[in-house]
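The structure under discussion is supplied below as structure tokens; questions concerning it will follow.
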Amino acid sequence: MNEAAAPQLELHGVTKRFGGVAAVDSVTFQIAKGEIVGIIGPNGAGKTTLLNCISGVHRLDGGDIKWEGVSIAGMPSYRIAKLGIGRTFQIVRPFGSMTVRENAAVGALFGNASGRRAPRAAFELADQVLELVGLKAKASLPVSALTIPDRKRLEVARAVAARPHLLLLDEVMAGLNNVEIDEALDMVRAVHATGVTVLLIEHVMRVIIGVCRRAIVLESGHVLAQGEPEVVLRDERVIQAYLGERFAKRLKS
Amino acid sequence: MIARAASIDRWRRLFVIVGAILVAYALLAPITSLDAAQSANVPLLADRLWFRIATIIAMFVVMATAWNIIGGITGYAAFGNVAFFGIGAYTTGMLVAKAKWPFLVALPLAPVVAAAFAALVGLPLLRLRGHYFAVASLGVGVAVGELVQNIDYNGQPVFGGASGLFLPIFAIDNRGLFFFYLMVAVAAVAIAVTWRVLRSRFGYGLIAIRENEEAAAVLGVNTTAYKVAAFALAAALTGLAGGIFSQWNVFINQDNAFPIEYNVQMILMALLGGTGTVFGPAAGAVLLQLLIQFLGGSLPISVDIPFVSVDARPIVAQVILGVLLVVVVIFVPRGVIDFFGGSSRLSWSYLRQSLRETSL
Amino acid sequence: MADFVQLVILGLLAGGIYVAVGVGFGLVWGVLNIVNLSHGALVIIGGYITWQLFSALHIDPFLTLPVDAVALFVFGYLLQRGLINRIIRAPLLFTFLLTFGVNLVIVNILLLIFGSDFRSVTPSYSGQGIELGPIVIPYVSLFSLAVAIALSAALAFILNRTRIGLAINAIAADRDAAQLVGIDLRHAYAVTFGLGAACAGVAGGLIAMIQAITPTAGEPYTLQAFVVVILGGLGRVSATVVGGLAFGLVEAFGQSIPGSGSVFANAIAFGLMVLVLVTRPQGLLGRLR
């Protein structure tokens, strides 16, 4: 996987402050094309802020982000999306007046600038993506008729329909039960199998260990450790700073 | 469930048929006033008064449909669209009255100038959301009217000042009929544009902005450009109506080119018919304008309002309009079109539910 | 120099009216999230009450102000309870249209009752004033400014020191949390709107002494109240006071520009407002919410 090629996404000293408090403080890491990387960390560690920085929702206060060698710092969200970086929101943001199919079609109509589709082709792609995430049977329902897990699926479907090269997933498994997590894991693997690089934020350890080859631990805006999930999660500092004894025990058992 | 769907289908078919007949009548009746028709003893179905009212109705169809593009589809509560109507009116008015351009050459500039103005003010204004955008746009509407009336150059009013602007009468046979069909054509264009927008990438982008602007942006919608484009498109259509109005009415001033109450009327029309839909605003415009004309006593069919003298009638009409506004907003928030073509039936439970959804 | 001082004084005096008009509007907007397009109509109801009491019963107009406040409080309370509470969770467009509809009804009913004649309130001391060298400060304007400041102080006191005021503040901060701690939202909302209407009523009484009124004379004040609140910043009474005085000054200096006269008052006001909105959306003193 990790050929000698240049990294697809590079973060260098990325910093974001809110009123003097650095929510993300000189974060540096790289992601190669085709990886699945997990970002973990306690609440308030700056995970979502970091995602917002990458997707252009926040402006950086310092550092640089490069996408395929070109700086994207300071670009508006829509241009970053056009370059092929897609994302989901932790609190889902469906387009409420549209059907499930139309929601996915908006992703297909916009998103990655190469291969934008006319409406008819966009709806075809939307149908394919809905099949991939398991929402095909509910395609013509209004969003309000969906359950919470289905809304999370739709959030992913819409992002995938935008044909990203890199997909940023913000806690798509939070609040799901074990069976639903397994289904969601299959969904992420299926998306990854289509050649998409995945960067996912998760609270659920099982997810990180289950799909990620590499994990990055954030704490108070800093990168605490990174490496193979099993190794990282056994790291003494990580256990102390983040997981706490409760999680540590659960992991070992 | 199926029976219900079938009954809704029947309702919709009935509604479309009745609507088509009414539209056909409204479009064809004025022809009977032509000399040729009269000499052939065709019964007179519409006189001058009727197609003056019909032209006004078509004008409001344009304005409500255009407002729907920015207010209904994009979800930005524009309260100053009358500025575009006035700018269109004054663009054509100035070119015809002062530069002596032929009307049909001056008319295409009305939408161009209105759209350019909308793009110019839209860039800062559309960064505002909610109340701020609504009132800032209202402010623009008021301020433009005031500027147009009061700008002087070398002591001479540039745009005709308080005494207004007189245009030479457009020399054409059957003038009233000409302007009626011209306005109807623009109304048809406005509806067609809406129809096209709702099926395009542009339209889906606008709806995405309405539903969640940030989510739209991270999906790749250039939100600023889309909002400004929607605003300019609405302005162009409204300005075109204004351009026609100036030549049709021959006289324009601040009062008839920038009437503040049009701002609210076009929104109420769109709301009454159903915002975000293709035909809703047009239907709402017809309904509300007929009601306004009826209450004002301009329709040939007229009913005396009990206990109200003729002098007080326009005032009482305004009171009734205000009450109607309150009732529609509270009880029929999704528009009356919903009852015919849409998924709801007019019933007590519908009214109760509307109330429950929004009340404290 | 004397001109400059005169303009400042005139501006501040005129600003008193804008303070009175703005505080109630800002309260309703800040707490209920409603831009009340009927505010000007409420103002003018107050004006007619003062006029009626003055012309029929010869009561000193300043003594009628409490009557304005009480009458408008009751009216505002009922309006909120009966109508506006019904659409409080609807999209913003609906609150706009509802309050515009209310405005239309009030103004036209006033037209039916009072006609469109100009009415003015002229107590014996109107036209008199304190002479400071070349500058004359009319008593009425001076008292009006004092009343406006006192009104703002009273409102601030109610909001910060009384039980219902704290409830209103709690609602402004977080409606759902306020409900959870047992605040009766419907009542508190209605009281808030009532207070806003009472301020409007007092403002109307003051306006009736300064200009001749007609039923439609209140409409410009709705827009000006909006500008005042934007200028000062939403959410605090003190910010609205500053916004109102600032607006009075801007207007006074704007009108003194040769050639422009008073005809561009709205254009100047709105130009200023748009400038503030785009460059400093939290207002001169406000905090971003």
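Labels A, B and C are assigned to the chains in the order they are written; within every chain, residues are numbered from 1.
The rule is simple: a contact is a pair of C-beta atoms (placed from the backbone, for glycine too) under 8 Å apart; a residue touches a chain by one contact, two chains touch by 3 or more.
Quick caveat: nothing in here was measured; it's all calculated off a predicted structure.
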item: Two chains sharing the most C-beta contacts; value: B-C
item: Chain whose mean Cα position lies farthest from subunit C; value: A
item: Averaged-CA centre spacing for the pair subunit C and subunit B, given as whole angstrom; value: 32
item: Separation of mean Cα positions, subunit B and subunit A [Å, integer]; value: 44
item: Centroid distance [mean C-alpha coordinates] between subunit C and subunit A, Å; value: 50
item: Complex interface listing, subunit B residues touching subunit C; value: 71, 77, 79, 124-125, 127-128, 130-132, 134-136, 138-140, 142-143, 146-147, 149-150, 152, 264, 267-268, 271, 312, 315-316, 318-319, 321-326, 328-330, 333, 355, 357-360
item: Touch list for subunit A against partner subunit B, complex; value: 55-57, 76-82, 86-87, 89, 93-98, 102, 105-107, 109-113, 116, 118-119, 122, 158-159, 162
item: Subunit B-facing residues of subunit C, complex; value: 29, 33, 35, 83, 85-90, 92-94, 96-98, 100-105, 107-109, 111-112, 185-186, 189, 223, 226-227, 230, 259, 263-264, 266-267, 269-271, 273-274, 277-278, 281
item: Touch list for subunit B against partner subunit A, complex; value: 199-201, 204-205, 207-208, 210-212, 214-224, 276
